[in-house]
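In the two assemblies presented below, chain A is common to both, partnered first by chain B and then by chain C.
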Partner chain A sequence: MNDRMDRRWKRFLGVPRSALGSLVILFIALAAVFLLSFLLSKTPARTLRYFFIGPLQNTYYLGNMLNTSIPLIFGALGVSLAMRAGSFNLGGEGQLYGGAFIATVSAVAMAGWGIAGVICAIVLGAVTGGVMAAFSGYLRMKWQTNELITTFLLSNAVSLVVGYLIAGPFMDPTTNLIATRKIPESFRFSRILEPSNLSSALVMALVMTVVVHLYLYRTKSGYELRMYGLNPRFARYGGINSGSYLVLPMFLSGALYGLGGAMAIFGTYYACMKDFSVGMGWNALAVALIARFRPVAIIPAALFFAYIESGARNAMLHSDVTFEIASIVQSVVFFLVTSSVLQRIGTKRGRG
Partner chain B sequence: MSDTAVTMHDIVKTYRETGRCANDHVDLTVGRGEILCLTGENGAGKTTLMKVLYGMEKPESGTIAVMGKRVKIDSPLDANRLGIGMVHQHFMLVDEYTVAQNVILGREPMHNRFTIDADAAKRLVDEVIHAHGFSIDPSARVGSLTVGQKQQVEIVKMLYRDVDILILDEPTAVLTEQETASLFETLRTLRDTGKSLILITHKLHEIKAISDRVAIMRQGRMVGQFETASVDERELAGLMMGKSFSPAIEKTPYGRKQETVLRFAQVSVVRRNQGRPMLKDVSFVARTGEILGFAGVGGNGLGELESVLAGTLPISGGTITHRGKDISKSDAHRLRECGLAYVPSDRLKVGSALEASVSENLIIAARKRFSRHGMMRGKHIMQHARTLIDTYSVQGTADMPIGTLSGGNIQKVILAREIAQYRDYIVFSEPTWGLDIASSKFVHTQMIALRDAGASVLLLSSNLDEILSLSDRVLIFSRGSIVAELEGERLHTVTKEEMGAYMLGMHVREAAHE
Partner chain C sequence: MNALLHSAVAIMTPLLLAAMGGLFTELSGMLNIALEGLMLMGAFSSIVFTYLSGSMIWGVLLGIVATMLLATLLAVVTLNLKSNVFITGLATNLLASGLTIVLSFRLFGNKGVVVFDRIGSLPRWDIPLVSDIPVLGAMISGHSPFVYLSWVLLALSSWVLYKTPFGLRLRAAGLHEKTLVSLGLSPSAYRFIAFLVSAFACAIAGAVLTLNLGAFVPNITSGKGWIALVVIFLGQKKPLGLLGASLVFGFADAFSNYAQGAWNVPADFILAIPYLFTLLAMVIVSIHADWKERIKR
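For the complex of A and B:
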């Protein structure tokens, strides 16, 4: 009993201590934004107001900011899942784009299927991303290729092929956009914060975060995956079938990216436009880094990322800040946030 | 100049993670040109004290003087500058580098500011190797060396840095009798050239054999420092344990019904591009109710045998059967399903996932038992962990990362796990490497209890005392083959020298195998 009280107390005390690092980082990052605004803008007060208050000033901006975070959450979950198994998935760009494309095309083809069509299309999108990543995992299992490179190269190739398909055989002739046909209206997710773009896909993102967390920390497969990620030799020693943990986590990782792509289509874009997802994969990787690959930390990390991004966009629209300056501010913030030295502040010193 | 090389005074060190006081106002003096053994139970604070001296841990209070001068040591580099070197229990070597590259790392001979003088490096390292009579090739890749050779590299690394004070953390833990003897020879030579040596060890006979003085620690305190000649082994054991202690192992002769569990028939392992097979025509049976010991000098096949038993090294010829079922082609996964329980020699790289918690480490092979419909049963897992932690008196809690425990406690967790899930046979490889007397005795008692309960126990050990006192039957390996099988009366009368002769391949195999 005493023991349990003691542990609870420790856990209670442990929270603010480990959050200290994040707070310090946040403070330094904000200080950097202030400094840069005063240096680079002629109207620093206006710039800062739009940077910080802009994303929250009305439901339109707030909703769009939240909407930006949705594909980031899915992607970051994907990166983290692979990372927990000791694999790198750098192919998020292509997996997301490919997943979005297949989901769109399937939805258009299955227009008459109703709810089954929605589910089928989304699942197909996820499987597309999953198969792409799993292929790299399979290559690693079979020939010990480096999945860091193969995911990246495969993703680039697939992006080009998808671009061709959108501009060629699958282009919607009725618009001037380089885009596929739109998915049927009955398939689209409901908007939950008019007039912004925010859709109910946000709920899916939150649910998926919980699912991934439970998978990693509560299931046998998740346990095996984590043990394999921490020490492959130990996992093998304990009789864990090591080959499957080179492929399965990659499949799930790619599937989450594909799902993120499908969500973007069903919630926001409705048609797969050429290069609509450029940057989403990499941004998701940044979010995963900020969250240090912990599923529950991904939601705040993605919101923070989206907040800074829309703040920069706002400042750009409403003050004299140029695109380049906004990007510099953004980069400085992320640079600080991903610094592992700063993150360690307040946590226990490691051994040796 | 004073006669003391090191004076540590009133050192206090508390670990923040556990709140345990590892060094409680400890004093230690080391004379010039003497060999001091620092001894005590696991967790007595020996390694911590030496880490303080080597600048790896910062004490809360206390002073250190080296060669009579008060110093502050904040890092191993500081320590090196002051002429202090340390050889760690777990080697700090880059496997992919050659011996010479490892030795010069951090103090490279340079052509100019940017390029390393590789020839000079090789020459300098070669000089150190020859000056002290080591037998390692400076251009060999460290990954290809035996444990004993790796340790030589560590010592050479320190000698290359011109240290006057050399700390060795359990240097003999992984060595064979012969390797130990030659290490001791080296250490004596070093002492005679005026160097001061501090050995952390638990082995009583080694303290007697090598040291001039002995310092004994218990539960973070210094119990006393003695001239080695003035105390006998029994007194030492008493001081270490704080209670009377008998080092002998009591064992009933075996008389249970003996069933064959594991049968090796003409098992060979040939590695590509290597003329000599790693294992050659190895045949033996392991039966229930006996401890089968395997002895051999490093690099003579015991390592490969361990990998074959663990299912991580495929065999190139012969068959292995488990209760009549062919398991020659089984990997680790299938062997675990057959009931393999196995305590590996490499605890940190194979036997545990250091960042995972103790409870997670405890269920690796029994994870099916702790899950239902694919979901882990958290309560059962914690309950299981707490029970085992209590039974094996592990110093730590179920949710601590296992890497934060001491080496001896990590081993206890591994033992607890494997013994808890064994079915009919269990492989122990170097089970007491680095453990103190009480823990070793505990391990030995467990092994005998397993045998008495009808287990087939396979013991691979470089510690001849362990092999001889525990085994019911001993197989001796040399150059990948079994050169002798000792049993019954023969086993009781064999001397360590005879064993050594077999291990070095000086006798041909005499006992024919059934």
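For the complex of A and C:
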């Protein structure tokens, strides 16, 4: 099955990009927002105003929107690394949640360690996500077990176990929330746009994007990874150790998800609440798809997704629609984003 | 033990139905991860239509129509607009999840659990003679009509897939699409039908969930569509294999429910067992396949 799917993905990556095609998709998505507002809201004009202008109206909403994009950027970088090597990582939800949980409890345990504690906790969170994904990569290397399904299954199981740990042994007895204890104040990232939640984790997201870009396009290992993803057999004839490119990209992919989870804790939430990250992993996958697994394109794609989500949240707060209209708009984007017919609009005919 | 086997059969029914639908798309050469979303759409629409029409039969039929409409969208975007089936499948799941909640809020002013009092419970059918057999009787008798319907449909789909020209061509679309093209047939047409068949089966699978409960719970399918996909792989893409795999799964689920009551295991652990169990089964199947491959060489 992997062979068959790989061909499809290559067709997707190989389709010529056209700005016009992307604009058509964007236009249809925005038309969906209008349609939904008129169908579902008694005050469509008010809904639309808060949906489109809301996220940008002041520094508070703008900062929160930027903040929403941070875990999406990390996760999307993770998806892209695995996908570029020809592997699928569908376990982002659990890797992000598990990474966030381990980072939080280790930060609480290492409260007296100062800066070393911060680094240790974040690294442990990343390793947690990485090991989860690498396990599926190992299974594929060893017995050709389909990693698309194993990552998903493992992630679901881990999410449930983490949920149990948060509500059980690691629950903070002093609050009414189902959450772990808060990380020490000295560990928290600084806020960079008061009064919003935006933290300095944004800088790290940008730095990480550059790092992943340089790794993929400027290092030998990154070149081999991409070559393996495009044609495993050719890469093997070229003398590349093919087994390692089933495990290493998966480890890095999971680690980036775990890192995204840790960043959300250290920058925004400070304690690991039960189910705080639901949906982040899938949204990161969507962002990676819109960006077609290119690191630099991930930033605008993540901002677009964060904008839709903040818009829906704003419309929910100030008007009469529910937040779930965001997932309908996102699904419209999902439906159309890989369409090679739409992508070819405006390009020369006869290609592909 | 008898109760355990009985509930294993009840639990396996939605899985079997969804996997059966997924088998058509899988054999036609499409990885259909939208089973989850189609099932959710079926679950929501069939109970809402049952509530509105006052009849379970009309409710399920209209639920099937609504789910097939969603599948038509999926098929048009995937086949006619030539999109990646994996992503359009994710989109279907996302759309079903959002749409059911938005509609439930719009219709009932409630984003949480919606209980439908007016709907009676499903009838239970006792099978004469069979119910007197010791273990087997307790296992397969006294279920809702859906359980028996699923077995009839399994036999029917097995016949369609393996004994009719249509089934042969559908499988050819998955095995070697050029064969179909050279016969002047369109693989896309067979895949389109396969999507509709999967929507039909998933709609019934979803209806089992909500009509059994008499209520709609947001995201009531909770991963069952994914598990159905795993059932297809575990069952080696054969109708009888599906029956065995979904029974194993139903048993694991029934057992974890039992364990929760008997040994006071935390609920989240219990919910994790089916996923871990499937993961283990996947690994064992792939080790076995790998081993067979090596012996051949």
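In this section, the second predicted complex is superposed on the first by the 307 of 352 C-alpha atoms of A that agree within 3 Å, B and C clash if a C-alpha of one lies under 4 Å from a C-alpha of the other, contacts with A are read in each partner's own complex, and residues count from 1 in each chain.
Heads up, the rule we're going with is that contacts are C-beta pairs under 8 Å (C-beta built on N, C-alpha and C of every residue); 3 or more make two chains touch, one makes a residue touch a chain.
These numbers come from a predicted model, not from an experiment.
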| item | value |
| --- | --- |
| Which of chain B and chain C A:Arg226 touches, first, second, both or neither | first |
| Touching partner for A:Phe334 - first (chain B), second (chain C), both, neither | second |
| Which of chain B and chain C A:Leu30 touches, first, second, both or neither | neither |
| Chain C versus chain B, contacts on chain A by residue | C |
| Touched partner set for A:Met171, first chain B, second chain C, both or neither | neither |
| Touching partner for A:Phe152 - first (chain B), second (chain C), both, neither | second |
| Touching partner for A:Val211 - first (chain B), second (chain C), both, neither | neither |
| Touching residues on chain C, where the partner in the complex is chain A | 29, 31, 73, 77, 80-88, 90-92, 94-95, 97-99, 101-102, 105-106, 111, 223, 226, 229-230, 233, 266-269, 271-272, 275-276, 278-279, 282-283, 286-287, 289-290 |
| Complex contact set, residues of chain A against chain B | 7, 218-224, 226-227, 230-231, 233-241, 348-349, 351-352 |
| Contacting residues of chain B [partner chain A, same complex] | 16-17, 56, 310, 312, 332-333, 335-337, 340, 342, 344, 349-356, 360, 363-365, 367-368, 371, 374-376, 378, 399, 403-404 |
| Parts of chain A lying in touch with chain C, wherever the complex brings them together | 1, 4-5, 8-9, 12, 36, 40, 139, 142-146, 149-150, 152-154, 156-157, 160-161, 163-164, 167-168, 282, 285-286, 289, 321-322, 324-328, 330-342 |
